[in-house]
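This is the structure I want to talk about, given as structure tokens.
Here the chain labels run A, B and C in written order, and each chain numbers its own residues starting at 1.
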């Protein structure tokens, strides 16, 4: 295990893959690795990572949340950076771990140190590695949804748009209400499914209204929610098809896998 | 009565985990009241001279649907008021505040203007007041109640006409409070030295209560007409 | 009003199915011309807004830390101006005090400016039960009063209604007018209400208002309005009663100016509301108008107990409504679903604070923690954090349903055991991935029927990232 205290010409990045990417869409993880390596990083994926603890934290179960936080800190604190393809989990580590562990001074210090080196993927590429364009092409009209934690906890707004605008063939149209919550909210969509549905119905209507053929965002929770609703609207109401992907997939030029919610037999890229 | 008072105060102190403030702490709070600190004051009025402030006031007043006219001196006020009433087909009857400034206006120049000095009881179409100050920051009129300034004129008549000397226009809200303080003994506004009612008025009355659509003229005046008098000598603060 | 916060889920079901309500909520319109956008534009025009927010928060925090001293100073100045201050521990004491004043002056009718404290202590029903007629004069409050409904928003009480519903209520109630009169346009409705209420203002014996602020320096109460009804309510009758909870006090006129600068902008996008009125005591010698008596009810009703707790920050709330104007949950279900006086994000914290979390446990749970409320709160109240504290209390007190606790416990159990977690995740991803490969999503998924009732569930790609990564690393001869 190399020491992280000496500056490395190629930063060592620990990828916190997140449970949703790990389970639902590994290709996002590989897109993240590809982008990070192209930006000059050495990427490692600590095997023992599982969950950042946010479901427990937001359910009021501080004990379990602390436990998972400590495990995560111990796994990642020796990297130069910890990068997360999610504003929600990224925000948990960066903003909430220090507060969660504030009563245990040693852990609180370690949490603060990890937080200082933890970034969401796209903002890491743009703000820390200075990436301004990506050597890929994407033919399509894209609209972008701002995931709440990424926007409000981590300040992610301009970075994905800047990178997307640099892609030849890609036309970016703003989503009205881009900053309005899609209704996923982790446990919220399980506890209050009808309210969640109303919110995602509004979001889907906004997306369809832009005329875009592609919807991107930086958080799998939002993407599963929006893709699921758009698909259902297409099946039941003949709504226009919209390809839903994680923004990392487009930035990495890895769009061979079917979009989220689409099957193999659709054959859409 | 005093029992519940004690219980509530005790409850507050229990929650704050302390007894009543000691002398030093209380003194610090006294000083904070004696020399009130201003928070951040919007820069929009900074560095503006009298003309600049009046211009800003006028512009912002129109944005909130008040009508504004500038006249050179008190002599020009009767024409300004009478013409305004005629333009809007309003009766020439006005309930007027018995204000020394308004008494200096040569109303006889427009003899058809019918002025009744006093408060309104709800039967007046037009009320006429003098403003204590004008706050340019938001085009807000400051009116203070008193023997020469009945507050009912500000709310009951459908049309409210306010004479505002340019000399009484200030920049930020805090300057208006300082002007009011200056009229009181010890420059303190506390209890009896604070007027019974101070009205900040910013445009005519309105509501957004039906389908979030803004409509002018709810319960207060539908029309607010401001006559700014430029002549410095008109302005002496009451 | 009788709280129905404990029936939140039923309320929500009703709200989502209510076509008229959904049409009215459509006017919130986050993108375009609604209240959220108006606030955003007003804030964009004031470079000092962030600094003002910071100062406003500091003023309130300072005041709360010295609340006892400031309330005593307020009382001293108010009394010196000829006012009466009544310290009321709870709703019952406040109601009785109001009634005593009304009886003493022989009140038959009472006009009311909008007051959330009035709703909190349910003063209208109490007065009516004691033979005194309360008349709401704020247009929105008047509309809900004639409909026998509660307000659904703290500044726009009738925001849940369409103009058709308002017109129907006017026709039912204002039987003195020609039934064939046109009432399609909000203008006609407003003019009619203005006419109907004008005489009520003049006839009322007592006027009751709330208070946006109490000012310790001067002994004044402050109301911030647009209609002018609050002023007519407090100016004309024999007695003016102010209903104010303890935390309304601010130290000085300058402090009030700071908070006023963020209040209207946050509430409606106006730079200043039409009327901001500072009232200090009754009519003075020489005054030509004004109330003969002036009373301030200082209401505790749970505020002193919030001080010094992890929920103290909700006491900074200035009732601007920005949080609910910007909340996508509120915009989906409206204010009545929250079941009591205070809806939206601030209600999700204040309601359990005043009624007890066991009586309102859904409210702090029905949030995605999107954080928009906190970002627009002029007093920088960390609303999601406070809601989370209530969730922590619920968890500790086992108020959450058993299934939720078990699900969480199972998840945490797995998450602490990486090897088990990974193999189970891989198994589930492979199975579901295979089942869902062709369609790409599930129309129906047992255990997720809340979701799949109205949305497809995208299928996993199959295999987990971790499994694939290890395989690749092994392939490259790395671990």
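Points to keep in mind about this one:
One rule holds for everything that comes next: a residue touches a chain if its C-beta (ideal position, glycine included) is under 8 Å from a C-beta of that chain, and two chains touch if they have at least 3 such contacts.
These figures come from a predicted structure and were not determined experimentally.
Counting only chains that touch, the fewest steps needed to get from chain A to chain B is 2. Farthest from chain B in terms of Cα centroid separation is A.
The two chains most heavily joined by C-beta contacts are B-C. Chain A and chain B have Cα centroids lying 53 Å from one another.
For the pair chain A and chain C, the distance between C-alpha centroids works out to 32 Å.
Centroid to centroid, with C-alpha atoms defining each point, chain B and chain C lie 30 Å apart.
Touching of two or more other chains is recorded for no residue of chain B.
Residues 24, 27-28, 34-35, 46-48, 51-52, 55-56, 59, 65-73, 76-82, 86-89, 93, 137-140, 143, 156-159, 161-163, 166, 186-187, 189-191, 194, 197-198, 201-202, 216-220, 226-229, 231-232, 235-236, 246, 251-255, 257-258, 260-261, 268, 270-284, 286-290, 298, 300, 304-309 of chain C touch chain B in their complex. Residues of chain B that touch chain C in their complex: 1, 4-5, 7-9, 11-17, 20-21, 25-26, 29, 32-33, 36-43, 60, 64, 98, 118-119, 121-122, 138, 140, 145-147, 150-152, 154-156, 172-174, 177, 189-192, 194-213, 215, 217-221. Remark: chain C residues 9, 12-13, 16, 30-32, 328-329, 332-333, 365-372, 374-375, 388, 390-396, 400, 404, 408-409, 411-412, 414-416, 418, 421-422, 425, 428-429, 436-441, 443, 450-451, 453-461, 463-466, 468-470 touch chain A in the complex.
Interface of chain A with chain C (complex): residues 17, 19, 21-30, 45, 47-51, 53, 55-62, 64, 67-68, 71, 148-149, 152-153, 176-177, 179-181, 183-202, 206, 224-225, 227-229, 231-232, 235, 257-258, 260-266.
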